[in-house]
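What follows is a pair of complexes built around chain A, which joins chain B in one and chain C in the other.
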Partner chain A sequence: MAALTGLEPVTAPVRAPSRPRLWRGAVFLLAAAYFLIPLGASLWYTIYTPTAGVSFAAYGELLTAEGFGSSLLLSMSLAVATIVLALLLTLPAMLAVRLSAPRLRPVMEVVCTLPLVVPPITFVAGLTTSLRTGTDVLAPTPFWATLIAVQNPAFPVVLVLAYVVLVLPFVYRSLDAGLRTMDVRTLVEAARNLGASWPHVLFRVIIPNLRSALASASFLTLALVLGEFTVARLLGYQPFAVWIVTISGSKGQLSVAVSILSLLLIWLLLLAVSTAFSGKERK
Partner chain B sequence: MTRAKGWLGALPLLVFFALVFGIPAIALVAGAFTANGEPSLANVGQSLQGGYLTAMAGSVQLSAVVALAGAVLGTFLAQAVVTSRFALLREAVLTASGVLANFGGVPLAFFWIATLGNSGVISGLLGLPSGALYTFWGLVIVYLYFAIPLMVLVMAPALDGLRPQWREAAANNGATAWQFWRFVGLPVLTPAMLGGVVLLFGSAFAAFATANAMVGTVVPLVTLKIASALTGDVLIGYENIALALSLDMIVVAGLVMAIYLPLQKRSTRWLR
Partner chain C sequence: MTAQVEFRGLRRVFGKTVALDGFDLTIAPGEFVALLGPSGCGKTTALRCVAGFERPDSGAVLVDGEDITDVPANKRDAGMVFQSYSLFPNLNARDNVAFGLRVRKVPVATRRAKADELLELVGLPSHADRFPHQLSGGQQQRVALARALALEPRVLLLDEPLSALDAKVRVSLREEIRRLQLDLGITTIFVTHDQEEALSIADRVAVLRDGRLEQCGPPAEVYDRPATPFVAEFVGTMNHLAGHVSGDKVRVLGQLLPVDGEPAGTREVDVLIRPEAVRVTPDPEGKAEILAASFRGASVRLRVALSGGEVLADVPGHEALSLAPGTRVTVRLVERPVLVAERTVTVPSPASEPADAV
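And now, the complex of A and B:
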């Protein structure tokens, strides 16, 4: 910001461009104040207390806090399962639409846009209701045990299923962007004509070409699942985001410290997404 | 043969979606129109009365203010970024926008609680009255923290598309800056701005985690009402009210889309 305002006098003699530049400086200053002050204040909040002075204890306390390890582990394993399931479902469907069933494309578009339009909380409302009704209706059948197993608190598969729905739009966009850059049909036909089997085509031809799209889809999913609160809270599970809220009442500093770390984590994940894409361009 | 294969590839996703999204959707609609085991309009009627109606109005109002303010401020910031000569500044702002647009939910609430909350760092300096953050305008300030960056991400490519030559051509023909924006700039930007406003409205409307983490918020919001009705904080048997409220939310989201799509079509028609 200082560099920007410092350069103004140099261009000041030329009247026309100098006015917008002043205006631009003001916009940047205001934006910097609005976006940086909470960041600085939060950082200060975590390291300073009137009684103890400046200390980084809140960040050290994090590792030993009760429930930190287990909730983070749960979130991580949910994220991995969500990534795997989402890719396993979406990639074959998108390939199929491109190769042999183009008429399904509008259906895919709708399926992969609806979760964006429908607010997540309404999806959970429907989900809890159907789970409750399902448990009642299916009680005499073998499906009942499945439905209970799906809701096992140790590893709630139902959360994975819900998360796959929520990330579908993002996975779809990423893969669509990746598939646009290559001629899937020609590649597949060429490989098949040369005698490659279907698994060979998939793993040696398609997936290597899609590496960056798959990576970006995975990182976006990871970011979304790690921060997800609504679905987990309302279904009564305690992954990471729910845990932070639970401890915030008793440990204010700790919850703010976690928030700062999660901002860093989002930044790292997005950095990974962008390097995944720029790495491809270089080739 | 190939057609059969094509179906097979898409089948798992479609079956999955029908089960995991379709069944809850049906359960939602069925539950919203059922009271005491019988078909009725009682839930929907009740969800549009009294406190529930206030909450819905509060959510719509908050989302509309956030969407409009975020759109205007975000567009200004995007314009400042796009026309900046400093590549580094430009990169920094765009990266930060990407990060902050994804920085919603619980951590966002804690950021602002630490800043402007009752024991916040800045509220102490400013001498803010207790609870100032937990009002309508407090929530607007909090939500703008992700809304403005989101708008910057939407508008930056569109503003990049405004060619300097258009401006020069307009100036050569004697147009003032105001005339340039009124007759050239804004019409070109309208589709992107409309999309941005809808995006901001949708994300503010659906936001639950942030409002929920800001314990003590006095603003009635429909997402908070749904959550408390679902988790049985109030009386038992209110689940169907939650479903009716959810249905109302979906209708509002659908209405916004229904207004947006024709507008979008009209505003992009001449761009093609």
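And now, the complex of A and C:
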């Protein structure tokens, strides 16, 4: 049900007769080819030119290009802020619904899955329109004043808010899967019965048992925010994904190099998060 | 460390269902009381009111005379063992037991020692480093029991702690719970729907029905002298035999037996007879015939066809061979005072067997 993130514990392969093993190998090779051949071809394209032979010049040019560091940093900080905000929003809400209003669960599920149905372009169009009319209607309210006060060209809070909405379905699904694996009510009641306050219950009972779900929620958010283009572009900001398109628009080799690099980068990041979480779990 | 618990006019309504409807009960310090009743009778709700997970709509829960109805769950002095496995999956057995002590910021060495001591008490001294998924169901409930006792609560609450376990473990663990409770002298409330469980370990059994107390008394009293027909039906199995009251005696199956307690208003009554109070002897001339026999080891339950009805009888296991289905028999009732209730059956007794008891 939840998206696979590579975080799920891998069960030890069961010994099987050799015929299924043969099949397994074939399927594995097929899948590997599906992923690796285009990737290899792209890599080859970026490092080999008939005139200059093999050279990594494209990558050198990329790393030194203007905006690489700043846009990457922006994307990363947006991702972190989105993860924190999304989790702060969903986890307490989901626990509250489970514990005291189980009948609202379907409602919550629908609300949280809604962003998946709305195309990003529609979402942005709505967002810009409401921001524009919002200025007139909401201007005197403290809410609007706060929103304006926290706006900062170097760190667009509005993007974080938009991303939180976009990642809601993924975060919800991951946490829901995690919460399904345990009897939340009984665990909470057991902890309360032993004298634990609500924060203690949350941090010492729920979160430790929800590690892999939290990790997969963080993952999906990270991957989505790093790759998000439409919203950022239309709102006029330049995180990593927008920068990639801008820089590589004119140069074919460079654009492919950028893709490979970002793939590698995200993969490394996910690997880092995954080892961090599973390391803690083993304890 | 032990306390008196008092339920005073407890009422709790969930939507349209009335879980508790004026429930009154006082439990003496150090007493082991079993709340017994069919599902939905309010027994678990009553327990959860003591633990603080449920707030009564009206009425109060008093511990040692002090009203705790508004005390939050984490400030109450009551250890609870749950029906479902409730150990924290991320902690090993020792840390689970020490959880409450950790919340109270007891030094590490002290709480480790206390946890080990309690694990020894519940018979799991060598399992301290195991995680819940490495323990069997019975072991998990033992650890949960140790965890509930770690804070030396004044009251121990057991919410059907044995219902998820298999039969053999269930029996041995319930005896162990009783032994521990007697050793510690802790006031204990034990919720169960299993009448055998309630009868075998409690000082007093409180039978609930629709959120009210039907009867509360020692197990033998509840079994032998049920206060209401409901208790008679729910605790153990009862035969309903048509009887005819004359004076303070009742004629049933051709025998004249004394009536126990208040005779019913009418002359035509149901006589309530336990299966073990029915004597069955093989007799080629007998009017009754055995329809079925289910062997239970120590005893055999027979379904006996009489003229116009059926009766259930429990006879010792070794008589099984002479009482095979199809055998002609004579049926007699043990000579002792019997309970009567208003007539609910018209024929001489198609025996009913509620909730497949025993």
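One rule holds for everything that comes next: the second predicted complex is superposed on the first by the 205 of 283 C-alpha atoms of A that agree within 3 Å, B and C clash if a C-alpha of one lies under 4 Å from a C-alpha of the other, contacts with A are read in each partner's own complex, and residues count from 1 in each chain.
In this text, contacts are C-beta pairs under 8 Å (C-beta built on N, C-alpha and C of every residue); 3 or more make two chains touch, one makes a residue touch a chain.
From a predicted model like this one, the values you see are computed outputs, not experimental measurements.
With chain A as the common reference, the superposed partners chain B and chain C fit together side by side. Within the superposed three-chain model, A:Leu73 lies out of touch with both chain B and chain C [touch as defined at top].
In the superposed model, A:Ala190 lies in contact with chain C only, and not with chain B.
More residues of chain A lie in contact with B than with the other chain of the pair chain B and chain C.
In the superposition on chain A, contact of A:Leu29 is made with neither chain B nor chain C. Of the two partner chains placed by the overlay, only chain C lies in contact with A:Met182; chain B stays clear of it.
Look at A:Ala139: by the touch rule set out above, it reaches neither chain B nor chain C. Once the two complexes are overlaid on the shared chain, A:Ile148 sits clear of chain B and of chain C alike. In the superposition on chain A, A:Val205 contacts chain C only, with no contact to chain B.
The superposed arrangement places chain B and chain C with a least CA-CA distance of 8 Å. Residues 3-4, 20, 23-24, 27-28, 31, 34-35, 37-39, 41-42, 44-46, 88-90, 92-93, 95-97, 99-101, 104, 107-108, 111, 114-130, 132-133, 161-162, 164-165, 168, 223, 227-230, 233-234, 236, 241, 244-245, 248-249, 252, 255-256, 258-260, 262-263, 266-267, 270 of chain A touch chain B in their complex. The residues of chain B lying in touch with chain A in their complex are 2-3, 5-10, 12-14, 16-17, 20-21, 23-28, 31, 76-77, 80, 83-84, 86, 89, 93, 95-96, 98-100, 102-108, 110-116, 119-122, 144-145, 148, 202, 205-206, 208-209, 212-213, 215, 223, 226-227, 230-231, 239, 242-243, 245-247, 249-250, 253-254, 257. Contact residues of chain C toward chain A in the complex are 51-53, 73-76, 78-80, 82, 84-90, 99-100, 103-104, 144, 147-148, 150-151.
Those residues of chain A lying in contact with chain C across their complex are 182-183, 186-187, 189-197, 200, 205, 208-209.
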